[in-house]
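Look for chain A in each of the two complexes below; its partner is chain B in the first and chain C in the second.
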Partner chain A sequence: MNNLNHGVHHTTPYKVISVIILLVMAFLFLFPLYWIVTGSFKTMKEINSTTPAWWPSEWVLTNYEKLFSRRSAPLFSIPIPFTDEVVTGPTVPAAIRWLINTVWMAVASMVLTCITATMAGYSLAKKRFVGRGLVFTLIVCAMALPKQVILIPLIREMNALKLYDKMGAVIFPIVGWPFGVFLMKQFSEGIPGEMLEAARIDGASEAKTFLRIVVPLVKPGVGALAIFTFINSWNDYFMQLIMLSSTSNLTISLGIAQLQAELSTDYGLIMAGAALAAVPILTVFIIFQKYFTQGITMGAVKG
Partner chain B sequence: MRRSSMSKALVRRETISGYLFLLPSLIFFVGFVVYPMIMCVYTSFFDATMGKDRQDIFIGLQNYKDLFKDPAFLKALKNTLVIVIVSVPVTCAFSLWVSSAIYKMRGPIRSAFRCIFYLPVVTGSVAVTVVWKWMYNNYYGIFNYIGKGLGIIEKNINWLGDERFALGCIILILLTTSVGQPIVLYVSALGNVDNSLVEAAQVDGANDLQVFWKIKWPQIMPTTLYIMVITTINSFQCFALIQLLTSGGPNHSTDTIMYYIYYQAFKLYHYGYGNAMGVILAIIIAIFSAVQFKLAKADTSY
Partner chain C sequence: MATVTLKGIKKVYDNKVTAVHDFDLEIADKEFIVLVGPSGCGKSTTLRMVAGLEDISAGDLYIGDRRVNDVEPKDRDIAMVFQSYALYPHMTVYDNMAFALKLRKMPKDEIDRRVKEAAAILDITQYLDRKPKALSGGQRQRVAIGRAIVREPQVFLMDEPLSNLDAKLRNQMRAEIIKLRQRIDTTFIYVTHDQTEAMTLGDRIVIMKDGFIQQIGTPQEVFDEPTNMFVAGFIGTPQMNFFDGKVVKKGDGYELHTHGAVMELTKAAQEKLKAQNITEKDVTVGIRPEHVHLAEASKATLGAKVDVSEMMGSEIYLHVDADGKDVVLRIPSTELPSEWRAGIPYGTQIAFTFPPELLHLFDPETEKNILL
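Here is the complex of A and B:
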């Protein structure tokens, strides 16, 4: 549609200037990332130089070696149910464990959120029952409130539930956050009522209707919600900060923040950590960018 | 007609299945969002200092009274308002400008720009913050190097350690991490503007600026409103930047409410006091959102 107009538009000075400004801005937005990645490969001398090295004169791995040798943790630790015993893996650099923790946390939040939100969104959009309006109002109100306000009561609750310093303490509140339900309700509104009616007349059970008809229809929404939850939980630093504390339970963001607090001037080492934290999530984002954009726009409709 | 003859059994089936589908989500929502919210208000009326194994003591509104006599809180409130008042309009204006410059570009180019402006959000607050800390560094930072090279500053400035600059430096980082989502939203909103109206106006001889203000601006108003509300909420919650860069210093010049809540609750274990601040913060955000709604409503015919 826009392509039709292309021929009509003329190149005005304003347009040239705006493209130039746009390119400069894009460069400035990319620069911190560039600085993290190149910085992580620079020598100590180049990093602590008052004249910045715009490009590493030699690429070294010393920063990564230092990062990996700094602390260690078991590769995994799985508690055996109903006993006090814990199975632990071989000792590895703590940063590796932090990455594993972060991936586990983000994937668990994502899967749980997608399942619960798809079910609830379908129910709110297509079922008619007493109390539906109340639940939906509560959800919209909760979304308008600052998330961090609930953190203090949450930490006491997690202490009481013996979840403090466990991944569950970070995962459960993310799953509870009602944005996903809201998003999936928007997607589920589009399911044709006749299809559900037909399934009912055919005698399909509720579960079957949900799995065979609803889920395939709202798949794009689930995709958007999945990627959205994955990225947001990966980066939910505040929640991780107050809920997790022992070295082997940290996420990568927390680990880097701790390193930064301990050795605030070893920028090479810190950049190596920052690169380790940022590159995986950026890769995920770039691959799934399309779904992500969809999720943001859908969540805002009628927001 | 069919509705009224719908058997009671069917209504009951509908209700039961409706709640069954809601149940898993409701458990998490009520358990880890609604319950903490209620507890936040409830605990704010108590002296709830942790770690001494003692019961909370009911003190009525004392926490609230103390708050407004606490100079550190008032300073934090003022800083937070400065952040919000600067970052909300700048974020809206900048993202609207970028979006109107890119929304007519070809698909892949538009996606590339949109993606670049979103990168700082995805990179994560910790990684973004540590690299900016390096860039702001007194000796090895590129800001001082470039500033001196261009002759803007005479000698090295300790950006984050100087009361005059610290808050501004933090706002700058905050801006780079808050325009991503608004740009995505504006690009989609501008793409949905009714083109027949635009063309009709152009036929009538309206210039680009008139077309923008008279036709596009009213149509994207709901998006602007939404962006203002989410940016306000995000700016009020500015925390990671403060905690990692300045810890509220120098001399409380970068304290924000969110950071002060963290400090009171998780450093001093004044849970009740922290909760009272949380309640105040929620009320302030609600007022801001309501005012924005009012203003936006008055400004449009919707």
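Here is the complex of A and C:
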């Protein structure tokens, strides 16, 4: 008892060491972000100087000006279904369009993944049907497949669906994310069978049971999945690079890469682009942080 | 308010395991039926078939006059209380109770009236705004019962509702269920493995084992006239004692020989044996611990050596070794000599007997009661 109290109330070497390690790690992870954000406001000379400038001596917006003036694209282009016509918005700096594209891509993948994965995970966990084991095995196998392996078939598939160089080509492959189904299956396993039976006796239809009982119960899982998918989609540079090509369809990371290709040494511009690209994902992370940690520690704390 | 009729109900899992065999039972309107038996006896499966949560492999199930084999649970007009309570954790107590009514698109004020009424009956009005997490086990159980009450179902199903509670709370809730039953007066089917619950709650008890009904009867009937050794051993604590014995025809009557003691049987028992044309037969003698009493050693007594004596306060449970057989005696402490009040020392030699009218005779082969 005494020993336990000792551990709780007093500083121990163990605690001191863990805090030090955490501080070092936090510093290591935060430093690049700090470097990018401050760097994006530095002058070209300061960025390229051999002695690092830890803090901009002069805050300038030239990098952002360059980012927004270099290329332009329509604010949006919405194809009208069943015609070849496209409604386009006013012309704006391409970076803005890229940001919109990226957010659209990530949000759409996130929403669609959450819907499909929750439904699939719930049915795999709680419904008895022929081939259930096989389907689940296939999903687990698919988790082990590297993206590169399915790349060629995927491109052909997207071509056949006339989605090549469209946002759909980077949204739909994410939506079939096997990990999402796996995660939601694990969460759904935790729903007591008796609770679903109670709902059945109470008169809830399959859809009502899912929406009013299952979804609220697996909400932490959905939250975790949402943020995982958002980050996964946002960071899926490889797929974006393969699937998207025209200026107005690029994502922010592709756009920055293109700018970098044009002006290979303009780090200020790249940092401005990177800083801009980090804003949405940081926002999402901060909002969903709670679910994020829950998702990671899933299974470790039950109850 | 309805009768429930089970005709030849059978449950087979995966074409292999038969969980319930030819279950026949007619439950009267407003009757409280308890299904009792050890785990795996098929009692819960039977209840779940009545609820519609399990398919019925064969047989017919009627609620009232309606055959409901293929009717969805929600349309059977039943409500069920689960062992784990199965409350919806994200809803308040009020919403938990109102959920079924909302799904039935009942007017708001009617829902409100029913929920508040049920809450008042169950004394949970002050918790209506809370989530289940913030309630104790007993309170959660009340909410689960409340959720069933508001439906005003024809049949009330309860699947081991008290098993998750501690002993004290269980006794309390058992009394509450008896009170509740008087208030809401509907047909109850109650599943438990606890014979005390079965005895205290049921109008009739169905005792099951390995998917077969062993006996159906009032608590008094199954206690006084168990049809077989399983029922005899299952009902009553401590368990009934069984001895090897032999009935022998002597003159016009019958004598019972067991472990050296010779006893005369009652007239009624002798008639029964005579009717079966028995001249001599090995039997298993069953006698309840409370029906055994200490006696002066004589021809009609069995000798034994005390193993353990458990002082329970008002009575003493005496475990003795009679000729290699463990026997339990339940003796009111007032009947004990004063030197034995605090317990009888290990190894003490005693003699005991039992009145012939309270003993049971079973066929050692079939385990059936041969006096019924």
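Note that in this section the second predicted complex is superposed on the first by the 269 of 303 C-alpha atoms of A that agree within 3 Å, B and C clash if a C-alpha of one lies under 4 Å from a C-alpha of the other, contacts with A are read in each partner's own complex, and residues count from 1 in each chain.
Everything that follows uses one rule, which is that a residue touches a chain if its C-beta (ideal position, glycine included) is under 8 Å from a C-beta of that chain, and two chains touch if they have at least 3 such contacts.
Keep in mind that this is a model prediction, so the values were computed, not measured.
> Have a look at where A:217 lands relative to chain B and chain C in the superposition and call it first, second, both or neither.
second
> Between chain B and chain C, point out the one touching more chain A residues.
Residues of chain A touched, chain B against chain C: more for B.
> Per the contact definition in the header, classify A:26: touching chain B only (first), chain C only (second), both, or neither.
Touch partner of A:26: chain B, not chain C.
> For A:198 in the superposed arrangement: first (chain B), second (chain C), both or neither?
Touch partner of A:198: chain C, not chain B.
> Where does A:51 make contact in the superposed view: on chain B (first), on chain C (second), on both, or on neither?
first
> Let me test your reading of the model: by the given contact rule, A:139 touches which partner, first (chain B), second (chain C), both or neither?
After superposing on A, A:139 lies in contact with chain B but is clear of chain C.
> For A:208, select first, second, both or neither according to whether it touches chain B, chain C, the two together, or no partner.
second
> Which residues form the common part of the chain A surface touched by chain B and by chain C?
none
> Across the complex, what residues on chain A touch chain B?
Residues 1-3, 5, 9, 18-19, 22, 25-26, 29-30, 32-33, 35-36, 39, 47-52, 112, 115-117, 119-120, 122-124, 127-132, 135, 138-139, 142, 144-157, 172-173, 175-178, 181, 206, 210, 231, 234-235, 237-238, 241-242, 253-254, 256-257, 260, 264, 267, 270-271, 273-275, 277-278, 281-282, 285-286, 289, 293, 296-297, 300, 303 of chain A touch chain B in their complex.
> In the complex formed with chain A, which residues of chain C make contact?
Where chain C meets chain A, its residues are 51-53, 72-74, 78-80, 82-84, 86-90, 99-100, 103-104, 147, 151.
> In the complex, go through chain B and note every residue touching chain A.
14-15, 17-22, 24-26, 28-37, 39-40, 43, 50, 98, 101-102, 104, 106, 111, 113-128, 130-135, 137, 139-140, 142, 145, 176, 181, 184-185, 188, 195, 223, 226, 229, 233, 236-237, 239-240, 243-244, 258, 261-262, 265-266, 271, 274-275, 278-279, 281-282, 285-286, 289
> How about chain A: which of its residues touch chain C in the complex?
192, 194-195, 197-204, 208, 212-213, 216-217, 219
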